[in-house]
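Lettered A, B, C and D in written order, each chain numbered from 1.
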Amino acid sequence: MIELKREELLISELADLLVNDKHIAVGAASPIPGAAALLVKEEAKLQNNRLRVTILHSNKYNNFTDGARELFDCAAQGRIDTFFLGGVQIDGEANINLVGTGSYEKIQKRFPGSFGSALMYFVVPQIILFREEHSPRTLVDKVEFISAPGFSDENIYRPGGPKFLLTNRALFKFNKQKKRFCLLKINNNENLENIIKLTGFKFDVDDKITNMSVPNKTRIDILRNKISYMVSEFYPEFADKIWGV
Amino acid sequence: MIELKREELLISELADLLVNDKHIAVGAASPIPGAAALLVKEEAKLQNNRLRVTILHSNKYNNFTDGARELFDCAAQGRIDTFFLGGVQIDGEANINLVGTGSYEKIQKRFPGSFGSALMYFVVPQIILFREEHSPRTLVDKVEFISAPGFSDENIYRPGGPKFLLTNRALFKFNKQKKRFCLLKINNNENLENIIKLTGFKFDVDDKITNMSVPNKTRIDILRNKISYMVSEFYPEFADKIWGV
Amino acid sequence: MKQFDELSLLEIVDEVKDGDLIGIPADYSGVPMEFTKELIKKGIKDLKLYCLPLTTIQGDMLIGSGCVSEVEAAAVTLGEFGLAPRFSEAVESGKIIIKDSTCPALHAQLQATEKSVPFMPLRGVIGSDIQKYRKDWQIIENPMKFSGNKNEPILLLPAVQLDILIFHAPCVDKNGNIQIGRRRELATLAHASKNVFVTTERILDIDLFDDELSAATCLPALYIDGISVVKNGAWPCALPGVYGADNDEIKKYSIAAKTQKGFEDYMKNYLSN
Amino acid sequence: MKQFDELSLLEIVDEVKDGDLIGIPADYSGVPMEFTKELIKKGIKDLKLYCLPLTTIQGDMLIGSGCVSEVEAAAVTLGEFGLAPRFSEAVESGKIIIKDSTCPALHAQLQATEKSVPFMPLRGVIGSDIQKYRKDWQIIENPMKFSGNKNEPILLLPAVQLDILIFHAPCVDKNGNIQIGRRRELATLAHASKNVFVTTERILDIDLFDDELSAATCLPALYIDGISVVKNGAWPCALPGVYGADNDEIKKYSIAAKTQKGFEDYMKNYLSN
C-alpha cells in the first residue's frame, strides 16, 4: 500500500468536489486547493473535458488580464463555479471570520482581514470552506466577527454560498435550508466522538457517513509526477515539503 | 503676402484658444481642431513647454490604453482642458443638437447622434464649439433636440461647459452668467450686418471686436511644413486637400 | 484537448437568434463584416443592436436589410462618408426604434453587468433630451452623506446584459486567447455578454500567456464560446494594425445606399461575393 | 523637451505630506520599498494607507515606525510568513484606525473616482460585520424599475480620491509611459489619485506607444507627475517579471518584528543601509 500524506488525502477529497466544474479559481495562500484544482484539470484533460483553473498567485495559471478586480467581476458574472475560503473562525451557520478574536472595537488578536470573502461568498455557486485545523478554537459556535455571512435574507442577491467544509479531520456538507452543517466523511484515524468533541458547533451526521476516500494509484501518480511540479511554480515551499520537488 | 487658406485661418484661431492648456483632446471627424492642437503642441515644444494632445482617430497621438471609455473617464477626472464639439444645430444658449431636425418623435432629418457630448460638455473646462457652416440653419434660436445643454442648474455637477464658438465667419465667446454669446472676431471678408443676418440667435457684440488674426510666418511655416504631415497620418484626405501632402 | 471550440462561420451565425440583443463594436474595435454578410443572408430578424458606442456600415447594412428592430447607440454614421443612409431613413420613417444614448452611458451600462450590479451612476447628461426620452434611466438625489454634493441629482443607468457578441480580431493564440491590444472596450463587451464569438485572421501556434507582456494584450479565452478563422473578415472596414479601411468601397456603399433601390442593388452584389 | 519630470527619490518623498491618503499597491503590483525607507527616515506622520487591496511588509513597516494613523484594506499580512506583527499590535492596542474592507469594495471606490461619480454600487457584503462598521457605506433599496430585483438592498460605496500614489515599475519609456503589463489595478489607482509618482528599475530609450501591442502594456504618462530611477526599488518585495521576493529577508523581518524592540533593531539596520 502507498503511504499517503495527509495533504495528499485532502487534495484528493477536494478534487472529488470539483469534477463538475468548468472554472475553478483559487485565492491567496492556498496550496492544497490549488493542487486539487490542477489535479482535476489534469484528470479532465485525460477524459477530453475542458476545465479552466485560475490560480491568483501564479502567473502561469492566472487567466486574468484586467487587473486584480477581474477575479471579483468574473465571479459576480457567474463565470467561476468553485472558490475556496478559509477562516480564523468558522461557525455552525457557516459564518466566517478572517478579522480577529474578541469584540471588534476591543480586538484581542488581530488577523489579516477579510480579503474578497464578503463578495465571493455571495456570488460563487460552490464555496468550499477549507481550514486544516479542526478544533474548538477554529470551528466555533458563533464567530466573533462576520467577514462574510453563511446565509442571507431572501431579498439579498445571493446565487452563491457555502457548500462544503473540509478540515484535517472531516468533510461537512452545508444544508442551506437548515443552516447547518452535516458530517459526511471523517479521516481514517478519526472517530465520530472525537469529531464532536473537537467541533465547537452542533452539526448533523449523514446516514451514510464514511471514511475519506483514499485516492487510487492513477491519481496519486498524477499528483506526485505532474501536479507537484506545477505547484512548485507558485508554492515552492509547499511542493518541497510535501513532494521534495 | 502669403495666400492663406480658410482652413489655415481657422486652425490658427483655434490654436490661439489653446495656448494655456496642458492636455487637449480631439474627437471624431475633426481635422481642423486636430491640426490646431498639434500646432500648439509644436509651438509649446519650441518654448520648452509640455503639452499633451490626444487625437482619438490617430494611433500615434492617442495617449489612452484603457479602451474607448478612457476619454470620458479622463475628462471626468478633470485631466482634459479643452475638447471640441460640433452640432447640426447650435442655439443662442449654447445648447447643441447632434441628433436631428423636427420633433424627436417624428424626426424630419436624422443625423448620426450625440456621441459623447452629453458628458464631455459637463466636465471639460473649455469646450470649443466648432461648426464651419455659419447660417440660420446651423446657428438657430432654439435647437430642436438637446444633445447636451449649454448650461445647467446650480445643483448639477458641472465644472465644464462652452467657452467659444468658432465658425467660418466668426468667433464668439460664451458668457455663462448671461447665457449668451458675444461676438469677438469676424473673418476678414465679413461684416457685422451680414453676421447678424446669418446668425439665427441674438448675441452681444464685444466693444473691441476685431478681424480674425492672420497667423505670422513662423506659424504658417510650422503648419505647412510639419503639422500637415502629422495630420496626414489620421486625416489623409484633409491633408491632401489643404496642403497636397 | 483544444482549449477552445473552433467553429465555421456559419456555426457562429447559427448562434444568433431572432430578437437577440447583440453587441456591435465600433469601427476601431474590429467589425465582423464577413459574419454580418452571412447573418443578413440567413435573414435574421428583430435584432436589437447595442453599439459600443457607435456603428458604421455594419449597422447600416443590417438596418437596410430589415434585420433590426432597435438600435441603442451614441451614433450611427459612415464617418467621413457622411450620414448612414439606411439608418437615417429607418428612423425618419419609424421602421426602427432608436434608443439615443451617449458614449459613456453605453460603457457604464455594460460595466454594471460586468460587476453584476443593477445600475451604474453617471454624471453629466441631465438636462439633455437624451435623458428626457430614456424611460429606462432614472434620476435620484445623491444619497451619500460624505461624497458628492448634497441635493445633487444623479443619473442611474440600468445594467445591460447582451445576449451575444461577435467581433473580428487580428489573431488568437492556440489556447483561444484573443489579442485585443488597446481595444479594451472589447473586454467590457465580452464581460457583459452571455455568449461571445470571435472571427479572426489567424490562429497563432503560441500561447500568448507564456509571456507577461503579450498576456497583457489579451482577452482571456474563458470569455469566448467559439472562434472561426475568416480571412479579411472586417473588409471593407479596417482591422486596426492589420489593414486599413477600403474607403473606395465604403464610399461606393454610401452613394448606393442613399436610396433603398440603390442599397438593394449594392447588397445583391455584395451578398453574392 | 522631455515628456516627463525625472526626479530624485528624495524629491518624490518630499511630495508626500503628513496626513496624506496614500495609495498602497499589493505585493504583486510593485511595492516601492526604497521609497518607503526614505519616507520613514523623513519621519512622515498621520498617513492614511489605502491598500488595493492589501499591504504586506510596506504597510507593516510604516505602521511600526509610527507613520500611520489609519489603514483601509482588505488585508494586512506577511503572506506565507504569517501575520503582519506591527499591524496586529497597533490594531490590538488601538494605535491606528483600521477601516476593514473587502477587495472588490476597494476597487469600486476608486472606480467611482475614476468616473467622477459620488458612489459605486456593489453586491454582496450586506450582512457582514465589515458593512456594519463602515459608517461611510450606505444601503439603499434598489431604485431601478427595470434592472435588479425589487426591494433588493444595494450597498453604495463612496468615491475615494487618493492624495498621492507611489509604486515601483519594471521600466518606463523615454516619454514617461509606465509598463504595467497585466497589473491594471495600477491604472485604477493612478486614475483616482491627485498625484502619481513612480520609481522604476530603468528608463528605456524607446517610445512604447510606437507599437500598438507594447502600448497596450502601458499606463500613459499623462497620469504621472514624476519618475525616479531606483535600482532594486522593490527589495525585499518581488518585482513581478524582474526579480522575486527575498524570502529570507522577509522571514527575518517577520521574526524580528514580533516585538517592538525587535522591530526597532531591525529598522535601525534596515534604514542605515
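Just so we're on the same page, contacts are C-beta pairs under 8 Å (C-beta built on N, C-alpha and C of every residue); 3 or more make two chains touch, one makes a residue touch a chain.
Keep in mind it's a predicted model, so treat the numbers as computed, not measured.
Enquirer: Steps needed, at minimum, to get from chain A to chain C via touching chains?
Expert: 1
Enquirer: Which chain maximises the distance between its CA centroid and that of chain D?
Expert: Most distant chain from chain D: B.
Enquirer: I'd like the Å distance between the centres of chain A and chain D, where a centre is the mean of that chain's Cα atoms.
Expert: 28
Enquirer: Indicate the whole-number Å distance between the mean C-alpha point of chain C and the mean C-alpha point of chain D.
Expert: One centre to the other, that is 35 Å.
Enquirer: Taking each chain's centre as the mean of its CA atoms, how far is chain B from chain D in angstrom?
Expert: One centre to the other, that is 39 Å.
Enquirer: What positions in chain A touch 2 or more of the other chains?
Expert: As it turns out, chain A has residues touching two or more other chains at 59, 64-66, 72-73, 76, 123, 157.
Enquirer: Two-or-more-chain contact residues of chain D, please, as numbers and ranges.
Expert: If we look for residues of chain D contacting two or more partner chains, we find 104, 115-117, 122-123, 148-149, 152, 182, 184, 187, 212, 215-217, 240-241.
Enquirer: Name the touching chain pairs, would you?
Expert: Pairs flagged as touching, ordered by label: A-C, A-D, B-C, B-D, C-D.
Enquirer: For a test of understanding, state which residues of chain A touch chain C in their complex under the given definition.
Expert: 23, 44-45, 48-50, 52, 54, 59-60, 63-66, 72-74, 76-79, 123, 157
Enquirer: Give every residue of chain D touching chain B within the complex, in rising order.
Expert: Against chain B, the touching part of chain D is residues 1, 3, 113-117, 184, 187, 191, 209, 212, 215-223.
Enquirer: Spell out the part of chain D that touches chain A in their complex, as residue ranges.
Expert: Touch residues, chain D against chain A: 26, 28-29, 52-54, 73-77, 79-80, 83-84, 87-88, 91-92, 94, 98, 100-105, 107, 111, 122-133, 148-149, 151-153, 182-188, 240-241.
Enquirer: Quick check: in the complex, which residue numbers of chain A touch chain D?
Expert: So the residues of chain A in touch with chain D come to 28-29, 57, 59, 62, 64-69, 71-73, 76, 98-100, 104, 106-123, 145-149, 152-153, 155-158, 237.
Enquirer: Would you tell me which residues of chain D are touching chain C in their complex?
Expert: Touch residues, chain D against chain C: 104, 108, 112, 115-123, 136, 138, 140, 142-149, 152, 154, 156, 158-159, 179-182, 184, 212-217, 240-241.
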